[in-house]
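The chains carry the letters A, B, C and D, assigned in the order they are written, with residues numbered from 1 in each.
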Amino acid sequence: MTPPTPTTSGATVSAQTSARDGVLRVDGEVIAIRRAGAYHHLTIVAPGVAELARPGQFAALAVGGPTTGNLLRRSFSIHKVSPSGTYGGTLDLVIAAKGPGTQWLTELRAHDAVDVVAPLGRAFPLPTEPVPCILVGGGYGSAPLFWLAEVLRERGCPVEMVLGAGSEDRLFGVVEARRAADGVTVTTDDGSAGHRGWVSDVLPEVFRRTGAPVAYACGPMGMLQSVTRVAAEHGAVAQVAVEEAMACGVGVCMTCVMPVRDKAGVTKMVRSCVEGPVFRGDRVRWEAFHDGVCGVPADAVGAPQAGGH
Amino acid sequence: MTPPTPTTSGATVSAQTSARDGVLRVDGEVIAIRRAGAYHHLTIVAPGVAELARPGQFAALAVGGPTTGNLLRRSFSIHKVSPSGTYGGTLDLVIAAKGPGTQWLTELRAHDAVDVVAPLGRAFPLPTEPVPCILVGGGYGSAPLFWLAEVLRERGCPVEMVLGAGSEDRLFGVVEARRAADGVTVTTDDGSAGHRGWVSDVLPEVFRRTGAPVAYACGPMGMLQSVTRVAAEHGAVAQVAVEEAMACGVGVCMTCVMPVRDKAGVTKMVRSCVEGPVFRGDRVRWEAFHDGVCGVPADAVGAPQAGGH
Amino acid sequence: MAGSPRVDLSVPIGAGRVLPNPVMTASGCAANGRELHRFFDVSQLGAFVTKTVMMEPRSGRGTPRMAETASGMLNSIGLQGPGIRAFVEQDLPWLKSVGARVLVSIAGNTAGEFADVARVLADSDAFDCVVGVEVNISCPNVANRGLVFACDPLSSAKVIALVREQLPRDVPMFAKLTPDVTDIVSIADAAVKAGATGLTMINTLLGMVIDTDTLRPHLGGITGGLSGPSIRPVAVRALWQVTQAMRAGRFQTVPLIGVGGVRTGRDALELIAAGATMVQVGTATFNDPTAPQRVIGELETAVAAHGVDCVTGLVGIAHDRMVIP
Amino acid sequence: MAGSPRVDLSVPIGAGRVLPNPVMTASGCAANGRELHRFFDVSQLGAFVTKTVMMEPRSGRGTPRMAETASGMLNSIGLQGPGIRAFVEQDLPWLKSVGARVLVSIAGNTAGEFADVARVLADSDAFDCVVGVEVNISCPNVANRGLVFACDPLSSAKVIALVREQLPRDVPMFAKLTPDVTDIVSIADAAVKAGATGLTMINTLLGMVIDTDTLRPHLGGITGGLSGPSIRPVAVRALWQVTQAMRAGRFQTVPLIGVGGVRTGRDALELIAAGATMVQVGTATFNDPTAPQRVIGELETAVAAHGVDCVTGLVGIAHDRMVIP
């Protein structure tokens, strides 16, 4: 009812949202879009978001414009933010064109409008001590890691990065990684860059070499599970950013749930958009995931009883 | 199944369509878009259409792009065509932004793709003798008349134009009219240009002055009805281009029907997209139209019987 | 079709007849052929489905007859048509002349009228181009307070049984069902037991749009039928439920024709995976007059992408591919 | 609200209670308030409708739980929730603390369980913020082969009568109906006669999506509920039919809550013109988390544009504005 507040760039912010609440709905504006290998790198003016966001959080973008038949927002890890004064702050995302929504987003041009809700979800928890950290990214999953690396190094944590992808064009940020990290290992399934194989093949060596007590990972579910396993084998904790299909991204629809143990060891179907996307890997009930489907473990709170609901 | 034929401009034509059939589905390309008063004037590369089209026919454009929730095409009178060699021919339309479809169209930019089906419908029938003709346009309804004027004058018919609209900005083509016609009269409801009032106020004088045996009209239904009446009063025939809501534009859905008498005087609910949009005004059962709704006259073929279907 | 993958698209429509591919127009979305023939050769279709025809000529309803809705539309045509006699004299011979295989959609105000229409059709000269009859029981039953036949198993069965008597045994007969029922399986069951050799699902959903400028019903006919991609999930569900019931042996297995929201070859494949042997393209034709023909090619590509060489291998496949984690 | 037109948006919800405006969240599309409160003050809503709560905590179904569809989506959540006791201890007091008016949605596996849930709710400390109860009878009846209660007039009536006994007389009680029935008026009739003081229409339509890559059902739960703008014509039609029946005196006139595909103030007005006194915003919230609040303002503008100063003046207006040419 109160009209939205216009900003210098023409982007507007929903009046009711406020920094106190930690999340904004913003009429953003694309100011740059460029290819990065198999991906598109978008820079969006989204006033206010930069000040609130932390590495590991994500943004949810509306797609298709006024005539759209695609109503659901698409979620993307925040690659970086800059609270620059002139525009009221920008937001960078790395997007793989896949279905209609991402196709539309990657075809946007400078000055096109884009409706953004951000920042969303739980960020990567940071170590309180300056311990070595391993950052593992699969495909565009590396997007949030450079910013995370920066924050970690500011705290004195040495950073090792492991980037993996199917092929060279699906790696994101190898050059940036050399600047952002103290060491970088690259793998590709087809051997077109770095080691041929999976990140889990090279991870044990990285754990041994760095003695890192924590690994941060973002990428496909299978990769997150193996990072969790390898971390455990080396006495380390994995903090993994998952990617579940989300209808709302803001915690109201219950579509994005996963079976996760709480501190007391009790499994619940928790929303990955508000209680995640970052989870401790050892809390996730990986065995419930199978071929794109995830069941409710029988010991989960309120699980269906045999013959019951 | 046969792949579409690419043209020099990148526009493609459905292979199965052929000139023999008189209508094409073309992947067109906007090459120019500019404001014209309250309207937008689009020039679209649409190879093959120019050669087939005649004044009074229309084009049906898909709207909203790949993510669209608006499935129905929007229809527009063809303003002009030019079968220029380089691009394979262009098509000009004049569009008033109204709902989501026309809004989308009028926000297109040069080089954007637009899916065109054209030419559609029955063109204005031309007099066989070089008789004086009156062309009456209401609002954007004047769009097809300049091209018609040109064709009429080529045949030696003197042309008088009467252009009316609510206000000056809703007049289209007044300047063009002075070139295209031997005389031009302008009316606006608010008097912001030309005579204050309706075209039907000035028409009797034009009929008297020119002695025209035929009037061609395009515009709102109320205007078409009064042109028909005034023409009859002066012993002339009105050929009117109607605008009924159309779902398909190509004759397959039966949504665009109107009660029209045939030569034998029998009223049928006929499709305005294929048997129109141009009808002889005296054949249209105007009395069936009322406040945006049109009933089936009781004497129409197959009309609902009392107590029947 | 040079360069296309080699896939056998032929499908059985029943009574031993085979169509060269599973793609059809949908009744009322393609008129009686001439108009679309300007865009593609209608004999390329698996079958051409005609606009539902009744006994007498009908003017249909007043206008507006359509309203655009989110990813769909409402229509309220009122079964405008020339009547069966004009149809068999003018439309059917033309379809035959261009080599089309025709699935004729018929209806009546009463069960008896359906049978009368079927008789005139069966006696007509061009009847040999007819590969089947689609009995549109999703239309109002004048004898039963205007209630749609397909809303009631008994009314449905009665129409089907009467029409069956008028048609030669080797002519497949499809009952076209409405989704606006509590239990579509019971209607399907009744229709098959009464002699339908196949089912077409789904007709439009009853819907309504109110114009927020005038604050009155947008359609002259007040309510109308909702169609288009918006309803595809309902079509898939209906096909799924009826296929489940047939697989469970509740009634005899008959070929299904899927219809509802098909716009692309992938959409067609979705209905096939749910249980449809054939697929009709309706509202999408308004968006793209070449859609029915385009879908044939796209379906061929989609089937080939799954590494099967025969579309029938994918009919109902989703029933066999459920993951229970 | 400076600069807004002056329109009285208040509406009667029943039992003498009045809401400041007709706009609500839709059950299951707004969780229990905290999440949306980050975007707007939920006490601004006419009422906040909670996620359907049952007796015991429920994990809901496995994933995928959603599929995007043309202008809509399918969901298959399986009524995940904390159970009524946790709800009255944690969620309701929070909603009360922020000043929200709450319409609590309840359900049960059996008619008796509905009553049990209602009793716990009625006995709870924060019950005074409850402006009504929405009885979600569009959920499976375990005692009747999992058939949805609202598919059958008798099952519907039984639930409503039992819940009615547990609720104070001055608490409005809405029965939430499914559109997946042959005759929604008969269900409405049964619910009202059993004691519902109002009706909410519509719940989702049963739908299904098959993934054309894997050729298996997209949802873990196979079928799901279709919602969003794609179904608005069905909601408008259901509201229209039930309003017609009430106007014709078939049963007592009660306030209706319209729900289904509302995205804008104009959409809300469309449902109001069909007969709804109140309107819920569901799936649109996923597109725009500020949607329920935004719709209040847009509705105010739309009402003012019609030159009326009171939204109740437009309830069911389309029934009075039909043009019969």
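Methods note: a residue touches a chain if its C-beta (ideal position, glycine included) is under 8 Å from a C-beta of that chain, and two chains touch if they have at least 3 such contacts.
Small disclaimer: the values here were computed from a predicted structure and weren't measured.
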item: Chain pair with more C-beta contacts, B-C versus A-C; value: B-C
item: Distance from the mean Cα position of chain C to that of chain A, given in whole angstrom; value: 46
item: Centroid distance [mean C-alpha coordinates] between chain D and chain A, Å; value: 34
item: Chain centre separation (chain A, chain B; CA means) in Å; value: 53
item: Junction residues of chain C - those touching two or more other chains; value: 62, 70-72, 214, 220, 228-229, 323, 325
item: Junction residues of chain B - those touching two or more other chains; value: 69-70, 288, 292-295
item: Chain-level touch network, classified as line, ring, star, complete or other; value: complete
item: Of chain A, residues touching chain D in the complex; value: 1-3, 14, 16-17, 21-23, 25, 62, 69-73, 115, 117, 244-245, 247-258, 268-269, 274, 288, 292-296, 300-304, 308-309
item: For the chain B and chain D complex, residues of the former touching the latter; value: 69, 288-295
item: Complex interface listing, chain C residues touching chain D; value: 62, 67, 69-72, 74, 151, 180-183, 205-210, 212, 214-217, 220, 222-224, 226, 228-234, 236-237, 240, 261, 266, 269-270, 273-274, 302, 306, 314, 317-318, 321-323, 325
item: Residue ranges of chain B in contact with chain A within the complex; value: 63-70, 100-101, 103-104
item: Chain B contact footprint on chain C (complex, rising order); value: 1-4, 28-31, 35-41, 51, 56-66, 68, 70-73, 75, 77-81, 83, 109, 140, 142, 214, 220, 228-229, 283-290, 293, 296-297, 300
